[in-house]
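Read the structure below first, then the notes.
When the chains are written out, they are named A, B, C, D, E and F in that same order, and each has its own residue count from 1.
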Amino acid sequence: MDLNSMTYVELEEQIKKTKIAILPIGALEAHGPHLPLGTDNYLAERLAQKVAEKIEAIVLPTFAYGQVWSLRNVAGSINISNEHLKAILVDIGTSIYKFGIRYYVIINGHFGNNVAIKEAARELYEKIPGLKVYYFFYPGVSHIIDEVRESEPLPGGYFHACEIETSYMLYLAPEHVRMEKAINDTPNLPEDFEYTPTPWDRVTSTVVMGNAALATKEKGEKIINAAIDNIVKILKKRLTTKEGV
Amino acid sequence: MDLNSMTYVELEEQIKKTKIAILPIGALEAHGPHLPLGTDNYLAERLAQKVAEKIEAIVLPTFAYGQVWSLRNVAGSINISNEHLKAILVDIGTSIYKFGIRYYVIINGHFGNNVAIKEAARELYEKIPGLKVYYFFYPGVSHIIDEVRESEPLPGGYFHACEIETSYMLYLAPEHVRMEKAINDTPNLPEDFEYTPTPWDRVTSTVVMGNAALATKEKGEKIINAAIDNIVKILKKRLTTKEGV
Amino acid sequence: MDLNSMTYVELEEQIKKTKIAILPIGALEAHGPHLPLGTDNYLAERLAQKVAEKIEAIVLPTFAYGQVWSLRNVAGSINISNEHLKAILVDIGTSIYKFGIRYYVIINGHFGNNVAIKEAARELYEKIPGLKVYYFFYPGVSHIIDEVRESEPLPGGYFHACEIETSYMLYLAPEHVRMEKAINDTPNLPEDFEYTPTPWDRVTSTVVMGNAALATKEKGEKIINAAIDNIVKILKKRLTTKEGV
Amino acid sequence: MDLNSMTYVELEEQIKKTKIAILPIGALEAHGPHLPLGTDNYLAERLAQKVAEKIEAIVLPTFAYGQVWSLRNVAGSINISNEHLKAILVDIGTSIYKFGIRYYVIINGHFGNNVAIKEAARELYEKIPGLKVYYFFYPGVSHIIDEVRESEPLPGGYFHACEIETSYMLYLAPEHVRMEKAINDTPNLPEDFEYTPTPWDRVTSTVVMGNAALATKEKGEKIINAAIDNIVKILKKRLTTKEGV
Amino acid sequence: MDLNSMTYVELEEQIKKTKIAILPIGALEAHGPHLPLGTDNYLAERLAQKVAEKIEAIVLPTFAYGQVWSLRNVAGSINISNEHLKAILVDIGTSIYKFGIRYYVIINGHFGNNVAIKEAARELYEKIPGLKVYYFFYPGVSHIIDEVRESEPLPGGYFHACEIETSYMLYLAPEHVRMEKAINDTPNLPEDFEYTPTPWDRVTSTVVMGNAALATKEKGEKIINAAIDNIVKILKKRLTTKEGV
Amino acid sequence: MDLNSMTYVELEEQIKKTKIAILPIGALEAHGPHLPLGTDNYLAERLAQKVAEKIEAIVLPTFAYGQVWSLRNVAGSINISNEHLKAILVDIGTSIYKFGIRYYVIINGHFGNNVAIKEAARELYEKIPGLKVYYFFYPGVSHIIDEVRESEPLPGGYFHACEIETSYMLYLAPEHVRMEKAINDTPNLPEDFEYTPTPWDRVTSTVVMGNAALATKEKGEKIINAAIDNIVKILKKRLTTKEGV
């Protein structure tokens, strides 16, 4: 069900069975000494695959380039502007609608992409009323996070390469985690951190925003599975109520 | 040497050894009943890997979305506008320069991307004089193609999912070729084909533009290896003459 | 200290004393049968004035036009696109920097403006390093809200013309509240409300998102004063540490 | 009839009676030592109110930010580009049409806004044929000005913070005039003033372009009332001939 | 001194003698039954040549495409948007500065171009401080027009294919005037003509806005020569005062 | 049949007979010591006239400003960006369709314009299905060139101010050729010339890219006449098959 490897003839067959396409989107961004630059890409891609196993859907190639403002001064970060990212997401939606997709499900692994994704979804809402766009960034999991978390959350809810995200990776892409390098480096955020543009290299030298050493596969599994369940539930409900497009 | 899987710490080490980053770029586009939609992605990605084996370079994640005008009416085609594609390529160049890359090598597997890539390269030429941008679309192979080709070339030099491109796939991504479905379907192009916008679905129903059945791994190997040699030669020359950036 | 009513000669005097300019920004948007369309404008404007009383600052004329996507189908909503709103905010910042302002404080009364404001702040961060941009939307008050609130919060944290916002108005602009028309109309939000574009007229006919009848001036006073204290604290800290621009 | 202070329910009632919305638009710009930076805002706003008293119309909040090129080097000037100003004016027109407005009357107090306003009107003319856009900048008063004026007009018809504009303020916003500071400072304009971009700070140090000391309330009243009469006459004629939209 | 016909070697010689380039710009637009669509092109081009005879200057090829909103519904009108026209004028200015031009003199034959030209001049003023941009549309001739005119001027000062413009053509491009078809067709303009977008085909069926039959070569000669004198005087003054760039 | 010199009444007559408009487009660009800067303008204009003699068509004024990246550092080059050039070409197409043109034939004399022209044609293809856009840059002449050429072609097929282009000029605009200055200056192109942005002033000091001294009128005539025949054949075929628009 991977668009990249299908022929157009096979796609025409699949489209008769499902109108859902899933786009995994992440970013390239420093994630501490223990996680790869493509952490958000691995997470989005594998989450998307797990969703696609539960609900018939075509999976688009992972979009590996995201909006990375806060960490753009650190090696390995590649930053696409919101404007350009939004434009590409609209182009993709426009094209897939043309060949029969009616549900465009964006599974996002990188917080910084949320603005561009929402803007793209709204633009498509006007432009193509027949296309329903969904966007998911680990939906409905905050209470599970509260439950499993052992470290203190940062004020403002920031998390990055921390106990939580490292746990996601231990569950979804363990071969890419250097757990022996996972450190605890919770920064003291300045009081105006949320209220004025602040590149993160000003507040952390390791780009870890929490205690990565506390991460476990089990924590990741719990949260990720809850996210998957929520995504599947929402998509299935929409389909069964036939409250279509 | 794959950017996606490195940590930022590892990247900082690599950057001391090489200033070259390779971006494989392709597209999703119908390629007949025997080749996958992502044909141009597979070709660009594997060609890039082969180049990177010969010349120390960091490989960026494949950009799987290209400019697909001519086949945009056929199932599976995803079309990014030239304007947006160019903008993203400039964003990527701007970011990689920031962390030390000085040679931005775009290996393209899809003809339709050439305009956006060249425009991006020229914009970066003005914007970042210290960044040298290269773009390669099977460079310097026309005489090899003439040599190995058994079918007649189409007027205007068009080729798509044909003897040549299928041969590339048989060499670089054979597991994705359904050779039993490879057909000969050379269309009669109208006389004004090159001189007025003409979506290809008007001239072919299979989107094969030649005789795919004549493809062999050997033909692909010969052409692709020549392309690789040319790319490597050009990059090496630049580096050894130290006619740097 | 109101820019509109000063002469340029008076401004030149003031600039010697303060480098802070406050821009109140709101929107025109339906706020139920009991609150005016300009609710967010009144709130931003009066909050700005109260801040300016505590910290020497020049107050710009209220920008009364905001990004109103969710309620754009209801009478009285005026919707400026994020792109245009951001552009204007950058223009204003560029101009005020030119005549000596070094702290551009945007006090926002309308949730929908947050994206454009943050984008503008980031653009100014690159463009004018000497200008420090702050953006405040009732900062640091969530625990006070939890304390005073009698009604249940909506899932997703949505609030609009409800117990809380009506309380703000009862404190800051009581002459514009028709309290006798304040109703309880907490909608049942569909499960995918946060995950797909949903104009609010699909979920509420009164555009009240909570129990407005529970609003009191005291609740508003408590929350608003906390917001003011936070804003003043952050601005003062920055100034006294002379961690200037 | 002030949109800011109405509820959406009240607006729905008003829309049954009138389809006219008036947008006052001015600018922040140095107006000499005797007039406030917001002179053009006060003039537009109060002129709009006087028109609205004579013809049933909804008055939008004053747009206080204009295109200020010529005086952008003088303290207090805030300059919005023509492109952005036009975009916002189109957004506003698009929104008010949606809730029933059919006549969008822009009352402008600042000469520099005329280009953006006309461009916006033309764009709306194409985009929304059902919306009639009017733009007024003291219409049809040149013969009255000639009649009351005691000072010599500047070549090219430039006027700013002069006998005429100060008279407008003495009539419409006298509480904001420091008449004791009103000076005569008629600059000698260079011969190419109209034919090449020339910031006004190059030709005047006070930004007064004439003899402000000759201003009187009576002169202002005469001209302004003529402008109001012309606006009302044009709007009424359109309405009575039912040569609607 | 015509750029089109010079070699680059000859240009390099000329640049040592003059830093002035003149761009004639007109439009294609209906001009009644007696004047060609390219009337504004002929006028601008020949006026430019006459100026260049009096003051050493390089003449660029005529830009024959202008902003034609008012007559865009009449056969033969070609309408370039203000935005695009401005962009091209900036591109031209940027290029000629690069090869040594320091005075970019735009001689305009079409009223509708004035906005784009002024905007372009202002953009170049910021972008290239060393380039001085002049724009002339029959400068300083209103009193001569008043003197020679036999017909009544239209309210608002509109003129098109009328006594005056036809006289210009009789002087500058008589071979293109069909004087036997010159008619008097002064339209009654509606009262709101200046205050709301009004395509001219709504008010005239011949697109003549006055009495073309009264045109004479002598009238044209008088006005055009005055315009030329003014242009030359302004340019010479600038050069002799060496108040250079 | 020249649009510039027709009245709108005459055009209305012509439109009954032909729906074809030809736009000649060239550029200002250094063409060696023997050819004028406007070489591409002369060629496009005269080629267009010859085509119009064979096929009834309206000829638009020559667009003399093109995309000149490679030679933009040499005196006399004027460079319009692809984006702006494309926009103008779309504006022109949109306008001529409005007055009845159905075939918009762009005859291009400058290689660098090809990208913008093709992009404009594609945009018009979507925007105005009833308008058929053709673009010709010496179509179908490569075998004739091979036949007449005495000098070796450059690798990559580059040609500029060389044997071939000079021959075109000797046939179409001989009065503008300084044949006594025609030189042979075939540059050695660096190996990466086609693969990275390279301004031509880096590889040639005369901007001649071949042996201009070998040019003859006869060679030019042969190639140009073949190009004309091809253009006419394609246009006629389209018209006679009535496979209209």
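Rule of thumb we're sticking to: a contact is a pair of C-beta atoms (placed from the backbone, for glycine too) under 8 Å apart; a residue touches a chain by one contact, two chains touch by 3 or more.
Here is each chain with its UniProt name: A, B, C, D, E, F = Creatinine amidohydrolase.
These figures come from a predicted structure and were not determined experimentally.
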Any chain in contact with chain B (Creatinine amidohydrolase) as well as chain D (Creatinine amidohydrolase): none
Angle (degrees, nearest 5) of the CA superposition of chain B (Creatinine amidohydrolase) onto chain C (Creatinine amidohydrolase): 120
Of all other chains, the one whose Cα centre sits farthest from chain D (Creatinine amidohydrolase): B
Self-contact between copies chain B (Creatinine amidohydrolase) and chain F (Creatinine amidohydrolase), residue sets same or different by half: same
Separation of mean Cα positions, chain F (Creatinine amidohydrolase) and chain D (Creatinine amidohydrolase) [Å, integer]: 49
Rounded Å distance between chain C (Creatinine amidohydrolase) and chain F (Creatinine amidohydrolase), as computed from the means of their C-alpha atoms: 57
Whole-Å gap separating chain D (Creatinine amidohydrolase) and chain E (Creatinine amidohydrolase), where each centre is the average of the chain's CA atoms: 29
Multi-chain contact residues (two or more partners), chain B (Creatinine amidohydrolase): 83
Successive chains along the ring, chain C (Creatinine amidohydrolase) then chain D (Creatinine amidohydrolase) then the rest: C, D, E, F, B, A
For the chain A (Creatinine amidohydrolase) and chain C (Creatinine amidohydrolase) complex, residues of the former touching the latter: 69, 82-83, 115, 118-119, 121-122, 125, 132-136, 139, 191-192, 194-197, 233-234, 237-238
Chain A (Creatinine amidohydrolase)-touching residues of chain B (Creatinine amidohydrolase), taken from the complex the two chains share: 3-9, 11-12, 15, 28, 30-38, 41-42, 60-65, 68, 72-81, 83-84, 87-88, 91-92, 94-96, 98-100, 176, 178, 181, 207
